[in-house]
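Several structures are given next for inspection.
Each of the next two complexes has chain A plus one more chain, namely chain B in the first and chain C in the second.
Coming up: the complex of A and B.
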């Protein structure tokens, strides 16, 4: 055993150490590029891939920003992996694919022609699929991997068609040529729809999200962090690259479509997350919510751009990018925390956790920071980007189209609802997992995780706070991206007094995360000071109040399911067609009363089951074709030939 | 010199809300008692309660973690900062641009987030029931509140409360349908957020009907004092918010002299008293709802707020 571990540990350290070094180096290069010459575009054509075609790569401000997201996430995840990877029972199923996955994401962001884009995209998908299948002996993981593979191929098919439409009849691979060609209205609409299918299925837009809550949690936790925190961002990059860059001027209704899908995704994602009792699945569903927020914001940017309102479009677009960055921070942090819980207790089911704040003090603190950030509470980073989204919504009554006038406030309400539900969801996630009393013996044996993991989580927690109290710097560094894609930027934020942020130049609204943070700190310290100076210091420990029933068993605590019950009763009947049935035994009978909750995944039943049903039906029918006589096969071939010739003859 | 004066006014505002908060509660209780022909406790009873709580020892559940002990200070700080940012007697104070109305709503959200967590920390069913109901109420009240913010911001052109208050005081507001809807929705949200009848009963000790009280059941001594004070502050915050937006008369504006400030303070006290009497009358007149009727109540607020915002999207003058 010792020999095996001895052989494995160096490989683990080597792979993650090298990935950390390379990601950090790339991050430094790109950040330097972004800081020194933000507007400069550097392109290179390499004689790789298809002969005579080559592969083109290009670094502009948009890809530079996403490279920062990918490599920052990659570096922190590798740091986490240095510690977490040691718990891996079968490292040879993770180690080869991990660097490949990182490389694939980098290549997608850099690709400058359809061929290399699709190739890198597939590479990324397959590497992540291999990582999802790392623990393939588990039946649930095999199913997750299968559904992921099907959905990923479907997504790539949609992307292939989208690029085919963009390339036009001339069939030019290069993005430059696509940028120059302006597709007609119909083609542009088709490309938008295909991108929503292709990039949206990878990002997790409802109803294409079905694979995401299965596949993301199935992978080892640091890979889950990469998939949820970073890979979904690469999908968003693909969407932005095509819809904002290659497709040219958008039509106003494209904004409506993206807004509606974004709003619905946000609300449904977080409602599903609230119903979940598996910690990692909860986090995966919450990713869907955040993707919805980003897409709603992108939809607003499209609507503003189509109506020639560049400053508002820049605001909405910046909000989307800022949220992309923020989500990569806190979602990675939360998945790392879930991984720490998993390695400390071996449990993902929240109903068997509880009281971990006593056993994992540091992990629980950083996880709390992640929960506060993702719940959009000031002064952390999630709030700063949500604030920008709301400010962008407030710019939209100027939009002339009636469709937008009706849709935008409704989507604003949906986003506000999603934000409030997110807070409820993360009260549940933290409260059930870390607070209360231990629900299983595994928790009582838990110990704090290794230093590498703690360092990675602490770093992300610090990023969450910094991006929250100094949002102006982030917004300013995003200005080259908005300048190149929208043609305008938000006002210079670092020039504002006291480092406040303002949405647009002529607005009188402002938010100052730094001062809010300072004020809260000062008033909390003042209160603590006065209490310690003047109030009683006496403190006594005693049993909790249980209405006279002392020592209730830990299983009598509120669980994840019971915590969500009020919200399920409010929203469940329309979102999940949830129904509760209570079986009360007759008076005097000895059997227990039962509460049964009927629960439906509406998206799965509406969109996927009919398709799988149709495929089953078709394969059943087509099965007969395998057992025909030779005469019938010949007839079939003959008929096919006739049809083919007819088509050729009738073809104009 | 001017800066020092401005800072002094800002400081006075912070102290004013802190000192007035228990008095407002005492006044509401007194009026409620008189309405049912009881003598009622003294006006200063809440101060005495707070001082007594401060002097008592804290009995901490065995299982309570550091979060449980830190939370009272966090709740108090977040609520106090939020309350100090709402214009009371003067708008456009030194730090009023720090946070707009969205931030104030979110700060209250932070306080609630930690309160719900603290409720779950000890691991009793009361804490859980309180926390889960509180987040259910918040999940409807918060979006309603944000939509009200949207309506106000669309009318006044900014989410900054001082700007909103200044605009509402100017003659260009006029009568608007959307503002009427926002007012009704805001009152409904304020009732829910402050755990008043008919959503929750601040005086109940029947465990199964309470929400707010269930969450803080394990708190005692100085911790309970902080949380009670934060609760009082929250009521002041909402009353000030309603009065500065919908009753902006007498509000001193940026750069006002001491005379205007004194006038503003007097007007503020009158507004507080009037709204407190209205709250007491309303609370005495209605009965508490079942918990699962609350979503209907708040859903109505949400729909009203959404309708108000929609109207403003259709036409800025509605």
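Coming up: the complex of A and C.
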């Protein structure tokens, strides 16, 4: 239907309105299910799909939680799309695929057999690919779409193999049967590796992340928010479903693998984000970092679960799910903000923005909320979930294996580094984009965006704050999920006095977001009051720190690149093989001095370029096969047959 | 099974392979078609003998089809085609006779080794039949591969099909319907290929399949 009406003017409102209504309805249903009867599993088998298996769908607490994430994100995104979609130059390239994308994500989460899972997964991938290709006239977008398509197919192949291993020789593709069968050690390891490849490539684990910073920003901004904030969560759902639910009891080393990959992903993702000056690409790289945090936390949960420490495992698992929810809030918020900046100025390059706080006051305020949340500063939600992750890491000395005892604190250190770098990164993102002075004329003409977009962003900002100051409610509503997958839960949080959260015991650690929030509000208000009351009201204008130049031009401000330079100096040489070359003109010469920085994407050069090179070489050679004579084709077939017969004859 | 019936079946199937070998070194088209007709006659005999020893009367029909169509109708048709195309004096020199014969010997060895190894429990008659049938199929393919002329490729294809019929009759209980449908599909293939031959001829003044490649703008 969307395809038919796509070209008409009211279609945008119609499609986004319908998507909003459906998402909200699904959200209400699922939230009601989760609240009223959390442990209940409802399943349905439709007579479609594979014979003897059918298309099975199932709603349990895990899928209910992820349905909440998907549909909350979908509803808010549709609300944003109501306003943002009007700026779309070719809405008929976006509208048909947008509801399909949402439906695909919902179906993945509900699927209860491998066939419908893979079908929905592919449906989701293809719909999002079509959205990435919405502006296909741009060469960079076409390349992003191509790489995305290749990586998505590769990921689905890995998932296919993983499900094949899980189904075993009997070939039972229903999840119930997989749950009952317990694969051997080797098969379990292979399934874990394949899931890391398949779900990891969709979520953006290093080194499978290469497509993500290309494809996510290429889509329209609200779709970027969906892909970054929600689709990566669906990938995490796939990983949890298989590794925690279908695979049975984990081995302790599986935790090590997931932990290390998660830690490396977090650090490398945020380092890349720091080097980026394109606002949307920065956000995409930051997604990689957050995925790393979630996977590290999941690895920790695996390690604890393997060592029969259910309460610690429940803590780590809750932290992962909580961070999933939080990331879907603030990453959507930040992408909406980037979309607002894009629609107001037409720019994504931070080096051409600046001073937007005067032009877009509301957007910049909610963007600031998103930045503070993602930088894990209290009292917002990012702090609550990352604090839980670190609480889980602090449980590691009780682990029996020496490998884990050493690795977990090391990964904790990496996560702490990533958190600090994330703060630096978002100081840069906010400061360069919204503060300072305008760096281009487009910024000077910018206007605040429409009400729909502002409403969506404000809603997410409120969610960020609420989840930050009342984390106890979120943690308690996650308990059915941990109960079903880990077999234990965190202590009841809402019963704690003053709405504190106490992960293990009061004597060890506790956090009260509400108190922190009240304290920060009161102290900040008092400080503002005293300053305004006792300092002079008079507006004073004087020369800025001129350093000898009284009228600094906007290009003399800190830029995104110069802001990140100290960090690049520290990490650049090993993480990016960065090289700086300075060309100083001779004294008296008129040409300007130049500072050139060479970057290398190490993952791209180590893993992808050899593969593409080999494929290019092979296709070049095999191209001759397209131009043989008929007799030679016959000869080839004949020789092939003879060789097969020979093999059969020589086979012992 | 008494020795004589087995020996006669063996003799007929073996002579079918021998005739296939004869086909390999014919470099004139008329001679090739004559050998093909002989091939079909030997096949008909072999099938009839199978019908006799298996006491399966429908196999007589198969033998009759082979005799009528393959030994008479198709060779006569091919003769006419060649005369109308005026290529009866063409001599083929795709691959030398010596290497072709050596390759043929290798293929027969291969099929013997393979078939005798993979069917140790089967009825000895069926075993021998299958081994010979595989050799005939491979030799037919070899004819198709080593010839450049479209007519001789058709002949190679038909002799390959003879090998299939031999294999089918060697196995007991093959329904008549299957054989009739195979025979008809071959006839239709013959008609289609014949039409194509004339079309190729009209277009390129030659039935050398190389002309098709030249038409595609490629070197051979």
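To be clear about the criterion, the second predicted complex is superposed on the first by the 600 of 652 C-alpha atoms of A that agree within 3 Å, B and C clash if a C-alpha of one lies under 4 Å from a C-alpha of the other, contacts with A are read in each partner's own complex, and residues count from 1 in each chain.
Just so it is clear, a contact is a pair of C-beta atoms (placed from the backbone, for glycine too) under 8 Å apart; a residue touches a chain by one contact, two chains touch by 3 or more.
Computed from a predicted model, the values in this text were never measured in an experiment.
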Next on the checklist: One more residue to check, A:629. First (chain B), second (chain C), both or neither?
Outcome noted: second
Next on the checklist: On the A-aligned overlay, A:115 touches which partner chain: chain B = first, chain C = second, or both, or neither?
Outcome noted: neither
Next on the checklist: After the superposition on A, what does A:252 contact: first (chain B), second (chain C), both or neither?
Outcome noted: neither
Next on the checklist: Just checking: does A:123 make contact with chain B only, chain C only, both, or neither of them? Give me first, second, both or neither.
Outcome noted: neither
Next on the checklist: Looking at A:646, would you say it contacts chain B, chain C, both, or neither? Reply first, second, both or neither.
Outcome noted: second
Next on the checklist: I'd like to know which partner A:391 touches here: chain B for first, chain C for second, both or neither.
Outcome noted: first
Checklist outcome for this item: Within the complex, chain B is touched by chain A residues 354-355, 357-358, 361, 368, 372, 375-378, 383, 387, 390-391, 393-394, 396-397, 405-406, 408-410, 412-413, 416-417, 419-421, 423-424, 426-428, 430-432, 435-437, 498, 500, 507-512, 515-516, 519-521, 523-524, 527-528, 531, 534-536, 538-547, 552, 554, 556-558, 562-567, 569-570
Checklist outcome for this item: Per the touch rule above, chain C residues touching chain A in the complex are 94, 107, 110-111, 113-114, 117-118, 138, 141-142, 144-145, 148, 209-210, 212-213, 218, 220
Checklist entry - What does chain A use to touch chain C in their complex? => result 627, 629-631, 634-635, 638, 641-642, 645-646, 648-649
Item to check | Touch list for chain B against partner chain A, complex | outcome: 54-63, 65-67, 73-74, 76-78, 80-81, 84, 95, 97-100, 102-103, 106-107, 109-110, 112-113, 116-117, 120-129, 131-133, 135-136, 138-143, 146-147, 150, 153-154, 157-160, 163, 207, 217-218, 221-222, 225-226, 291-292, 295, 302, 306, 309-310, 312-314, 316
